[in-house]
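After this come two complexes, each holding chain A, first together with chain B and then together with chain C.
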Partner chain A sequence: MSLFQPETSMFEPLETQDGAEVITRPSLSYWQDAWVRLKKNTRAIISLNIIILLAIFTLLGPFFWDVDPALQDLNQVSQPPSMPKTALVVGSYQSWDGVTIENYEPPEDYADSVPAPTNFRTEGKPTTQVVRLVWDPVPEADGYNVYRNVREPQGFADLGLPLGATYGDELSYEDRLSLESRDYYYSVVPTDGIDEYEIFARLVITPQLAITQEDALERGLINRIDDVAIGELVEIEFHPLGTDYLGRDMLARLMEGARVSLFIGIVAPLLYVIVGIIYGGFAGYIGGRFDVVLMRFADFVVALPFLLFMILFKIAFGIGPGESGIMPMLIALVLLMWPATARLVRGQVLQIREEGYIEAARLLGGKNHYLIMRHIIPNTMGVILVTLTFAVPAAIFTEAFLSFIGMGVAPPTPSWGSMCNEGVKTMLSHPHELFFPALLISITVLAFNLLGDGLTEALDSKMRSRD
Partner chain B sequence: MRHITVFLTCLIILFQDASASPVDFENQTITVAIEQEPPQLNSAKATDQVSGMVLGHLMEGLVRYDRRGRVVPGVATRWEMTDDKATFYLRKDARWSDGKPVTAHDFVFAWRTALKPITASEYAFIFFPIKNAQAINKGEMPADQLGAIALDDYTVEVSLERPTAYFIKLTAFVTFSPIREDFFNAKGDEYAANADDMLYNGAFIMPEWTHSASLKMVKNQNYWNKDNITLNAINVDYITADTRARLNLYTDGKIAFTRLDGETYKDALSQRFRIRRFTTGSVFFIEYNHRPERVTSNINLRKAIQHVFDPDEMVNRVLAVPGNLRGESIFPVWLNGVEDKFRREYPAPTARYSVATAKQYLERAREQLGGEIPPLVLLVGDSPTATKQGEYMQGLLLNKLGLEVKIDVQTFKQRLAKMTSGDFDMVGAGWGPDFDDIMTFGDLFASWNLNNRGRYKNPAYDRLVRIAMNSTDPKTRMDAMGEGQQILFDDAALLPQYEQGIIYLLHPKVKGVVRRVVGADPDYTHAKVIP
Partner chain C sequence: MLMYTLKRLLAGVITVWFIATATFIAMHQVPGDPLMNDKAVSAEIRANLEAKYGLDKPVTTQYFIFLGNMLKGDFGISFTQQNRKVNDIIRDHFPVSATLGILAIFFAATGGVLFGALTAVYRNRMPDVAIMFLVILGISVPSFVFAALGQLMLVNINSLFGYSVIPVAGWGTIWHMLMPSLVLGLTTMALLTRLMRSSMLEVVNEDYIKTAKAKGLSPTRIFFRHQLRNAILPVVTVLGPQIAAITTGGFVVELVFAIPGLGRYFVQAVQQLDYTVIMGTTVFYGAFLVFMVIVVDILYGFIDPRVRLS
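Up next, the complex of A and B:
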């Protein structure tokens, strides 16, 4: 048995090639690599764009939509989103004596039944400023009740809203109760002074949207009183997202509210995450008894009730009634919310400081601050960023909740939470007052959560091998 | 799955069982809800409306009001009245719920008890027209010196401190209800704490009272007028202040009566319920703090606010609930004057809405107060309507006058405490009538009245109140109050906002429920269920 014996002549030197050791794929730093992977995550990128849009909405929005969020427009209360409207200009309200019977004698005996009032009509043009109703007397009646419905009444029990009652000598009624430009079914029912006869006359009216001349001037819709004559049309204030229960512009309020909500939502987490990093970093890096003491204190802080502290801070800072509770809210958040981040960072630091490369760096003479700045902090950044993105929605929710229960902003300053609180009362009749702030809270929270998810995946270096 | 079906069936059965009708024709029974647990059923100490409503059914005073608001006999069958004396002749068939007769001594005892300083009744002042009442309440005289005595078992004689035109009407008020001495002393502090600790002389008795949950009123078989009472029982099965919850109970057929508010009425309309309207007779207004250290003590500042506030806008656009009337005066429109209504005889002066005039007043106020006016604190209640009104005022004063307002939202008790200590600039206040006379509103801004929490003090007004209190001549009294109305307006002592109106639902099969401006409201005493 012979073994194969290679000879030198059997080998030829390989020709030298250029670039055999050139790195063909681009060199990516940790952050570039994360960014590449984040970009592949559609949900995260959409969320990121939404967050940028929200920032633009909050910071630049007021420059494009320059409306005072506290200005009340009582001509347009609880208006749903709509296109620009024009209104009839009318003279200022003049009180009206109505139609009365001279030398009225109440009926001596009350009849069992009476005929319905006749000739039920309006006097003057019905507008959203005033609707004046007049009818002819019913001989044996000693009073009349006036009703208004927004649907066609189906029988006597369905006459709608009882607007008012008149005495027997009054044959007119003036309705000014939150009139809108829509169909109204008015009914007038004769009474014996207390009880109603089961008969009525009906009238359908569609008042025209109207604004008084003085009001138009005061609101800046016209510049001088003789710009628009009575009887002409004028364009009234435009509210693209409608108005709230005092006629305040929803869009302007949402922008102003966003400032409060996003301020708390971003500043508070930033501050308490920084506190958490420092605290957790120290505990983890120094370790030992020091670590135990620090972490037990963190456990103690976790056990403190947030709401109670919020109230205590409010009192301690002398924040009186009717003043904004945003600062105590911020301080309470920062003072009580850091332990979660601290624990996370401490865990990471404990793990990282035992790694081989740390040992190597230490052997090569790396000092503590170098090790922390160069190796430990950058390696915990992924975890920290993810905590931060999840902390933002939590803080926005906290603010919304506290404003919802009246502990947050003071009126008239809105925040999304307080707007929800006001909107929920009118949820069934004017859903837009709840819908828009609730939608914005939901979108913001969802966007930050999805971005957080995306970042978790992108910053986790173990995911890298899958590509 | 089967378990779920069984469970669902059980649930459905449970719900069906519970959804009996709120009215029962056979048994003449109705089921209603009240807004809160009655805080105090001792008639000597009760102050609030819910207690007043319950006590109005359980107790009967010397006189009562009929459905048109006229005074009719209660325990007294007739009475005589002079300038210094009122004599009541009691019926002999009036009985307590344990069968013993209601006597003159029970009335005298009740009034003395209410006046004793140890009772600390907030309504003690209502007895002050009676001789020595004020001194007894201050502890300067023993209670048996009260100018009300029982001449015999069935005659009460009242000596008056001063001529009081409205004294008969006063005795319909709940604090004037009788209390029987032996029963009261036997119960001690427990009196009226539970259903067993009460004795009734009204149309109904209360056999069950589960605190904070429910109570039940049943026809009193010992009541002298029981033949004219049709209802056998009023079940108060629910106690909740939540109007939406009550509307749901009404919709589900659990209760026969509920009040609506600015939002719930829209749901009631869409369900085609018959809505009724009632003006409660209460006046709501902004009360200013007149203490000298407050900026609101400056008349020009108050005048400025008076000229930008439009009660029409408040009533029609902000409150937006039918039944409210525009506020023009502390005296509501329903008060009687000499022959007609007071407000028809003495029309309330009103300020013409004018921002320009208001700004002139404000300028003067700034000069007098030395520069800028600090933010005003507006104290309001914690109901949605109250905070809405507060925000409206805040926006109004900011937009029209550039005045900053801070809204201080407080619960009722806390608001009252802050009002008493003077910790406010403006407060959203309301006043409901206790008896059917102009003085129930007239002395509210008298400097000695403890309910004048803004400490308004004008000797001219005080003088007019004294004239109206001490006279029995209607013309003199009304002239004085007409002049007083003008003074309050000239001083801008308060800012009347609205006269309260409410809307409510009542089961169509219940008839004869009376809504009252004064006295127990709603009053089911003479209600009946029709088939």
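Up next, the complex of A and C:
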């Protein structure tokens, strides 16, 4: 067993290492740290991107889609979303004599039943200007009724709109009744001159959109009357998301409405959060009797039934003719919503006031306003930011809600809520008029809610240790 | 306990007074007056009408008359509906709104507790993901869209059967109440589900659950006796404010489903500037909500013996 023999070489000093004691984890401020955590939250980041897209849609949209949202295109009312459409240029309407039987003899006996008319067809090209229907005679019949339906008839009782009746010698009908470019189910029913036989022939037609040169010029689709010849195609006004019941462009209205809805949704919370910060901050910082009185008043305001007073205040501030009613709504929101933030901020301030670092700052001679600006407000910012994020969807909902019951923004100013209100009336026949504004409201509210959830987690510094 | 109740009641009374005053001030700020709606009236008739309704007196006198009548429980006569008392309007239409609200709260509470507990039990599995997706939908989609869609659904169901199985609008039978109250309770249900889920997830890790498991209790017994009962407490606290939300949310549902409730009357009265009806319904609704919140708070003390009311 040999003893350990130290050698002199073992006692050489090591080379000094640079940076052995440098903290490798980067020093992050509170906000940087929160941002890092927020970035890990996929849902919150997607929501943030959606909100940015919405902002672009609202602010930059009108530059790309330069259509007047108030312009009524009465030629295209309640059109569904579509690709760019063209119309066939036709001449002005020419009267038509129709098809008649020369030397017509009415049938002598009235038959109990007759066969359906055959060879039911159109004469010429069916357009939205005119649809001309022709059929072969039924020998036993002494007249015909013509019907038009917009969906497939479910039977004899469901032939649709009665267009007209003809005598036995007339074998044609000219339909010019507000035709649209859609599927029509025409039916022709033979009669004995008065009563119908329970049989019919059917024809499905999709008339082509037609426009006369004069109309095209008037609507500004062409510059000069001989820009297009009869029989050519001309592009008509393009409405990618369709039009509403007055033929106003939905996309342009959604952009205009977004400006109203998001303005109220963002500005109102900003304002009342500021009011709340000032009020709650004072109450919490000064404390004592002052605090009790201020908070008691806030309690009363909280107890006001929100929607009733929203409506009451809105009418109390009044809307003059031609005003949109955005400002009264904004003021009413601020007047009713500030106490929630005030309470929250007061609670935070009361808590932070007792913290050691405030005491230390005070001992070092910090003045009140320095303590408030440098220590108290920055430390409440996280909570306030979260409140703000959740306040936005609440404000958007309130606006939509009021506009929906007709107490919000005054027409013609569009907001998403008032568009929904109009869309609900035609929900069955033109669902797109309700769908788009409702979708935008939902997406916006969803995005802000998810972002709020993400922020709550990201700004909670207790979460840091869990990483 | 008694002191607490009395204190809360006193605060409630003062709050109602505050509501009444705020309503009075707001109403007297409104440009125009109810008599403007009539055809052009001569100055003498106008003066007579104003005298009849007490509008010729100074505002402060009107205020004290209003307060005095309110203490007697008399809200006056409607301006636009001749000879109809505001009290009658409230008596006729409030029960409708209340029935709707109670049913909606019932749907919301049972649905919220049930779904919330389910999501917590099946955490991060299929039922949880599906229900939470619906919850997010319920929170993000405005209630009037649900109302419209609900009505559309009824129309489709009825056309499927060929006759009116469930009435699409109106009021009267239990079938009329089904869809409106469901729609009305939907948003609250979504909120309660979320709350119940997080509260349930907290409870699951508590020591007393472990103890119960160690004792060998059956999972159903643990679920109902230990988890559900403890997790339900936060849900009860928000029920008070949610009652307020549901009553006001009733406006839209009453409008869409053509239900003769007080909410619809209020909107109508506001459009017609019917002073007395507006003031009456606002004060009544306000008082109702204030005392509902107090009742819920007091009940909370009974449900959770750990809470000392003071």
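Everything below uses one rule, namely that the second predicted complex is superposed on the first by the 324 of 467 C-alpha atoms of A that agree within 3 Å, B and C clash if a C-alpha of one lies under 4 Å from a C-alpha of the other, contacts with A are read in each partner's own complex, and residues count from 1 in each chain.
Note that in this section contacts are C-beta pairs under 8 Å (C-beta built on N, C-alpha and C of every residue); 3 or more make two chains touch, one makes a residue touch a chain.
As the structure is a computational prediction, the values presented were derived from the model and not from experiment.
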{"item": "First (chain B), second (chain C), both or neither touched by A:101", "value": "neither"}
{"item": "Touched partner set for A:360, first chain B, second chain C, both or neither", "value": "neither"}
{"item": "Touching partner for A:225 - first (chain B), second (chain C), both, neither", "value": "neither"}
{"item": "Partner chain in contact with A:428 - chain B first, chain C second, else both or neither", "value": "both"}
{"item": "Which superposed partner A:304 touches (first chain B, second chain C, both, neither)", "value": "second"}
{"item": "Which superposed partner A:53 touches (first chain B, second chain C, both, neither)", "value": "neither"}
{"item": "Partner chain(s) touched by A:316 [first = chain B, second = chain C, both, neither]", "value": "second"}
{"item": "Set of chain A residues, in rising order, touched by both chain B and chain C", "value": "406, 428"}
{"item": "Contact set on chain C toward chain A in their complex", "value": "11, 14-15, 18-19, 22-23, 26-27, 29-31, 136-137, 139-145, 148, 152, 155, 244, 247-248, 251-252, 255-256, 266-267, 270-271, 273, 278, 281-282, 285-286, 289-290"}
{"item": "Contact footprint of chain B on chain A as seen in their complex", "value": "70-72, 74, 77, 93, 149-150, 154, 157-165, 176-178, 194, 218, 245-248, 320-323, 406, 410-412, 425-426, 428-429"}
{"item": "List of chain B residues in touch with chain A within their complex", "value": "67-68, 263, 265-267, 269, 272-277, 312-313, 315-318, 320, 322-323, 355, 375, 377-378, 384, 387-388, 390-392, 394-396, 398-399, 405-410, 503, 508"}
{"item": "Chain A - residues contacting chain C, complex", "value": "299-300, 303-309, 311-313, 315-318, 393, 397, 400-401, 404-407, 417, 420-421, 424, 427-428, 434, 438, 441-443, 445-446, 449-450"}
